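Chain IDs A, B, C, D, E and F follow the sequence of writing; residue 1 opens each chain.
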Amino acid sequence: MQLHLSTWVEIEDYLMRSRGIVIPIGSTEQHGPTGLIGTDAICPEAIAACAAEEAGFLVGPTFNVGIAQHHLGFPGTITLRPSTMIAAIHDWVASLARHGFERVYFFNGHGGNVSTINAAFSEIYADRSLSADASNRGPVKCKLANWWDFGPVMDFCRAKYGASHGSHATPSEIAITWAVHPEAVKQVEMSPQVAPTGRFTDAADYRAKFPDGRIGSDPALAKAENGAELIVLAAKGLIEDYRRFLAS
Amino acid sequence: MQLHLSTWVEIEDYLMRSRGIVIPIGSTEQHGPTGLIGTDAICPEAIAACAAEEAGFLVGPTFNVGIAQHHLGFPGTITLRPSTMIAAIHDWVASLARHGFERVYFFNGHGGNVSTINAAFSEIYADRSLSADASNRGPVKCKLANWWDFGPVMDFCRAKYGASHGSHATPSEIAITWAVHPEAVKQVEMSPQVAPTGRFTDAADYRAKFPDGRIGSDPALAKAENGAELIVLAAKGLIEDYRRFLAS
Amino acid sequence: MQLHLSTWVEIEDYLMRSRGIVIPIGSTEQHGPTGLIGTDAICPEAIAACAAEEAGFLVGPTFNVGIAQHHLGFPGTITLRPSTMIAAIHDWVASLARHGFERVYFFNGHGGNVSTINAAFSEIYADRSLSADASNRGPVKCKLANWWDFGPVMDFCRAKYGASHGSHATPSEIAITWAVHPEAVKQVEMSPQVAPTGRFTDAADYRAKFPDGRIGSDPALAKAENGAELIVLAAKGLIEDYRRFLAS
Amino acid sequence: MQLHLSTWVEIEDYLMRSRGIVIPIGSTEQHGPTGLIGTDAICPEAIAACAAEEAGFLVGPTFNVGIAQHHLGFPGTITLRPSTMIAAIHDWVASLARHGFERVYFFNGHGGNVSTINAAFSEIYADRSLSADASNRGPVKCKLANWWDFGPVMDFCRAKYGASHGSHATPSEIAITWAVHPEAVKQVEMSPQVAPTGRFTDAADYRAKFPDGRIGSDPALAKAENGAELIVLAAKGLIEDYRRFLAS
Amino acid sequence: MQLHLSTWVEIEDYLMRSRGIVIPIGSTEQHGPTGLIGTDAICPEAIAACAAEEAGFLVGPTFNVGIAQHHLGFPGTITLRPSTMIAAIHDWVASLARHGFERVYFFNGHGGNVSTINAAFSEIYADRSLSADASNRGPVKCKLANWWDFGPVMDFCRAKYGASHGSHATPSEIAITWAVHPEAVKQVEMSPQVAPTGRFTDAADYRAKFPDGRIGSDPALAKAENGAELIVLAAKGLIEDYRRFLAS
Amino acid sequence: MQLHLSTWVEIEDYLMRSRGIVIPIGSTEQHGPTGLIGTDAICPEAIAACAAEEAGFLVGPTFNVGIAQHHLGFPGTITLRPSTMIAAIHDWVASLARHGFERVYFFNGHGGNVSTINAAFSEIYADRSLSADASNRGPVKCKLANWWDFGPVMDFCRAKYGASHGSHATPSEIAITWAVHPEAVKQVEMSPQVAPTGRFTDAADYRAKFPDGRIGSDPALAKAENGAELIVLAAKGLIEDYRRFLAS
């Protein structure tokens, strides 16, 4: 069930039977010579849609621009500052809490978002923790999960890509985008075959260290059919994890 | 050309031939008994995609949650506070300016966004206007246009829906969502046939005055085939208006 | 009745019989070669004072610096950033609501303020709409009206100035300031007689397009006696519109 | 010379011969049973106008709402939060610096503003102090002075009012407002004759301790003719102090 | 009793018998050729510890970085912007109020903090004053006192250092740090013996006027044994003043 | 070398030979029935002091209040909101960068700080990444490390405390505080011996799940002599890790 394709009457009904929602959250950032700029939003959105269809839960709109300041050396990247992202997540959750949602599950497609999303949760909880009238406020709980962190997904990636998986512009995420958008499959020669790894700070530093945008990965290993498998594996992980969260 | 489906290399190439981008901007809010909560994001996204395919310009990610505080009385609505939305638009435009974009065209699907988007533009320009080192900063210009404001679109709506068009949950926007998402067509009896009109302030006030969420409209008049026509009409308007903007 | 010239005891009494207040809101910005920098504050202040005397309502202090970033290319202009103005309007309205005011009518003298004032209203309402304890908060409603938007005022301007009225440093606003401040009447040759029109972004862009600061106007048409008439016409419009608002 | 009654051309000329400006800054707050709510804005505005006429310097718009949270227990009071006031003063000074003003003299009518104005100055200076490109920024200096702090003004008050001068709703400030607004003179029996003194925190605490709003004063001692004298004395002090500041 | 060296159970007990706490608040900034960068934090911390031991009250963590933008011309200085410091003090006090603390006494070691601390108090009180549900919020009162402002401390300094005391890098504050940290005593020839005095704005301005960082002082007069005496004198002053505050 | 115990001249010298600094960062929060509220600040401060003495690097002031909203159900806890902490870290780093520091190593004592510190780093880098004049800004790099994450420290804890180590109010952190503050050793019977584990959201939720404040730990296992060993082990880890960072 997609919030965007539902009416308010349908959501009112849904809230009678469930107090939970899944929010795909990604980024708009370069993903190497062949990866799509929308990769980090496309992946959790596709997995969540697949899971929602099977398990019947509600999926909200995709939070599609995140923390990508370090990718700004590559054209097309868009970032929020962390303080802006915290304010926006605060407003999304406050809106949902207003309707009676009690479990908001952020399903994430971008490692660079993790710290800021967690900081946003603390900001939201601090409102209640500092408040004398806390009992007035909704008991909403938030959770963050990355699609690549479910055990079977990790096993799959290890088996298929080994040391060439890397951490940015990975063959797994690119495979998923190809399964979803076959019209956007792109292939170029990678040089070097496997990208360098390392730490980085700002956009200039990142671009100097990772000249084509990849970190540690060989995206040429991606295949659309692996993407389809990954979606199914991750959807299964999501359904289980989300159910545990609902029950918490 | 879709930013989300492009690589950074493709955007680098694009910037050689054009310095402009279109950003669909909408809202996530109730649209009456049959309208989709995503209506205001779906419409500009669909029109911009259609126009971009024909005219070859770049479309960025959809800014999909806007100013909808007045709709919070209806489950499923999500809002940003205006101060948050200003910060977010600021960050999107600053990111694009960093890459050399000089024209950012916000293509809007929600009347309630207009004031805040314009305030965000002033916030962005004020950075430059107040700055002693303004010459250092990108000469980016922003423009806001609503899809329903192009002459031929207005003529079409007047001809088809007359006084039953209204201003929220209108048959025209619902027709567009049906053209895009035929799987999400919903029909219920409207009562009254044409919704009341009036002014409103906060969510409680709105819900008291517009009990099913519509304002002045009869969405039962919507037809998917009208939606397809509207998309074409609005895409034509967008192409012309965007070209004028590029040339400004 | 002027808030600034009243005691708190008098306001306490006033609140027994009315819950409304009018706040003149303007700008401090260049108004062409002869227009006063205070024009946009002087006009609504004078009209509101005239109306208040006749109709007995309360007028608050003038909010005298607004959104004028685009005029910063001309010495003397002072601007707020939109985010600052939203915070300030929020605080003014929160203070008034604290006393039991339920209708705050912002009477505006500057087109550039409109978006930000409306965004501020949404910010204020969002506090209530997002709040679980909304019932605790005052039911304050805000309204924005521009002095030049009343029908008879527009008719007068059309009749007197026609196509030379323009949109910045207009003969009508200048006439009003001359009626209020005859000691500050200034005359210089305008060149061209009627200023150019067009769109603008930041201060540098504005000054390049409108070298003497005017947009589309011939302020040499202004006459102090027209200013006096305009004050009376606009005051009449204000009284009617404010009464409708009180009754809403 | 009044900024509000000048054209930008006149300010451009003025900047050739002086880089300084005086900004009256006050508050909108209760001033006891007979004091005007506008007292703290009226006083510095009147004194600055008197001084400017004699000494030929420029006076900007009055910053008319300040820090008055502690007076919110009395109807009519309007406050900014300190964080809002800091942002607003920042924007005013940034605007003036943009034009080449190098000395901004805030002439204050309200003791409660002092800390926040000084904090705003630090906020403005910190921008420069923390900046790697500080040399790009205007060398603007700010100064705060209270009208009642000039020696001859203090002597006058001591001589005329002695221990009944107090610190809020003082006979001196009320005398000035009467000199400026004879139409707004109000007289009621004070009880007790001299108000209590003490410290306070928020609005509820203040109202509990100072039931009619005065602190330590007997405003019944005020006479309009003293007000006229005080204006002249304070204007003289302002001229001298401002000149020292210009030369610093 | 030190908060940092207590358990929550001990604080729970303490709150049964007292609702007050002392927070030492200082700065991290240059203190001339021999003064420690931590001087302004070390002094109030040491005095508060001494007083707390004698009088049995609770001392919280030291707020050790304050408003020092004007010292940024000297390596090692760290500043907060005033807006940041206001937010931080707000959060500290809100946390303490949550536990039932009703008196928070900020014991200050840095003159440059005074305005911002007072502005922070107004920000905290404004939350309550503007709030419709103020009765829900804790009745917390805040007070600021500087360690050098107690009468006997001032007498001591006048007697010992006379006109060479100055206002920054004073022999008294340096003596205290030497009493606390004998391992950090440093001596260099001062030139000139007594530093210049004057006003300042930003870091560049400050460094130009006070080349070695001192204002008006001769820190070579400092002796560790005077520091020990000063701690005792100031602790006595603190105990008395804090008790008055508790009783208020 | 301690910043607080240095003069600006000494820091100027230090900057000739090194561009790095270590900032201990902790929290002020309950640590179970026997743990000190200052535990998370005391540990990194003590370890950093030990390491600095051996390796000769500079240690800045301890950032002693962090993200502890979830502990506010226990008296004595003080928290910052994440948005406040981000602003404060931003200001600290901007101050240090102003002086030429290029490596700022935050040495952390509190797991709850991790996300917000990382978000603060992104906020700082985003300033540069979004900026057209990035080359003007200092090339400062930030790093976060937790004292318990060095391999030998983890080995020690595993060996000594096994499954009773837990994650809050752990015997290792308590042992360190006892080594530093033997006067503050406290012993009470733990019940249950090993505390429960689990996830939490706000303060009410935390207190309901962890009634005495501990998570998964048996702090009764702590011994002061283990604390001394841990300090040495962690100091060794810090020296190595910091050197790698300096060289990066």
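The working rule: contacts are C-beta pairs under 8 Å (C-beta built on N, C-alpha and C of every residue); 3 or more make two chains touch, one makes a residue touch a chain.
Given the structure is predicted, the values throughout are model-derived calculations rather than measurements.
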| item | value |
| --- | --- |
| Chain labels contacting chain D and also chain F | B, E |
| Least hop count linking chain B to chain D through chains in contact | 1 |
| Farthest chain (mean CA position) relative to chain E | B |
| Far-end chain from chain C, centres as C-alpha averages | F |
| More contacts between chains, A-C or E-F | E-F |
| Centre-to-centre distance between chain E and chain B (centres being mean Cα positions), rounded to whole Å | 53 |
| Centroid spacing, where centroids are CA-atom means, of chain B and chain F in whole angstrom | 46 |
| Approximate Å spacing (C-alpha centroids) for the pair chain B, chain C | 29 |
| Interface hub residues of chain E, defined as touching at least two other chains | 72, 79, 81, 83, 87, 91, 95, 98, 129-130, 133 |
| Chain-to-chain touches, reported pairwise for every pair that qualifies | A-B, A-C, A-E, A-F, B-C, B-D, B-F, C-D, C-E, D-E, D-F, E-F |
| Contacting residues of chain A [partner chain F, same complex] | 67, 69-70, 72-73, 79, 81-83, 86-87, 112, 114-123, 125-126, 128-130, 134, 141-142, 199, 201-205, 248 |
| In the complex, chain B residues that touch chain F | 91, 94-95, 97-98, 133, 136-138 |
| Complex contacts: residues of chain B adjacent to chain D | 129-130, 132-133 |
| In the complex, chain F residues that touch chain E | 2-12, 14-15, 28, 30-38, 41-42, 60-62, 64-65, 68, 72, 74-81, 83-84, 87-88, 90-92, 95-96, 98-100, 181, 183-184, 186, 188, 213 |
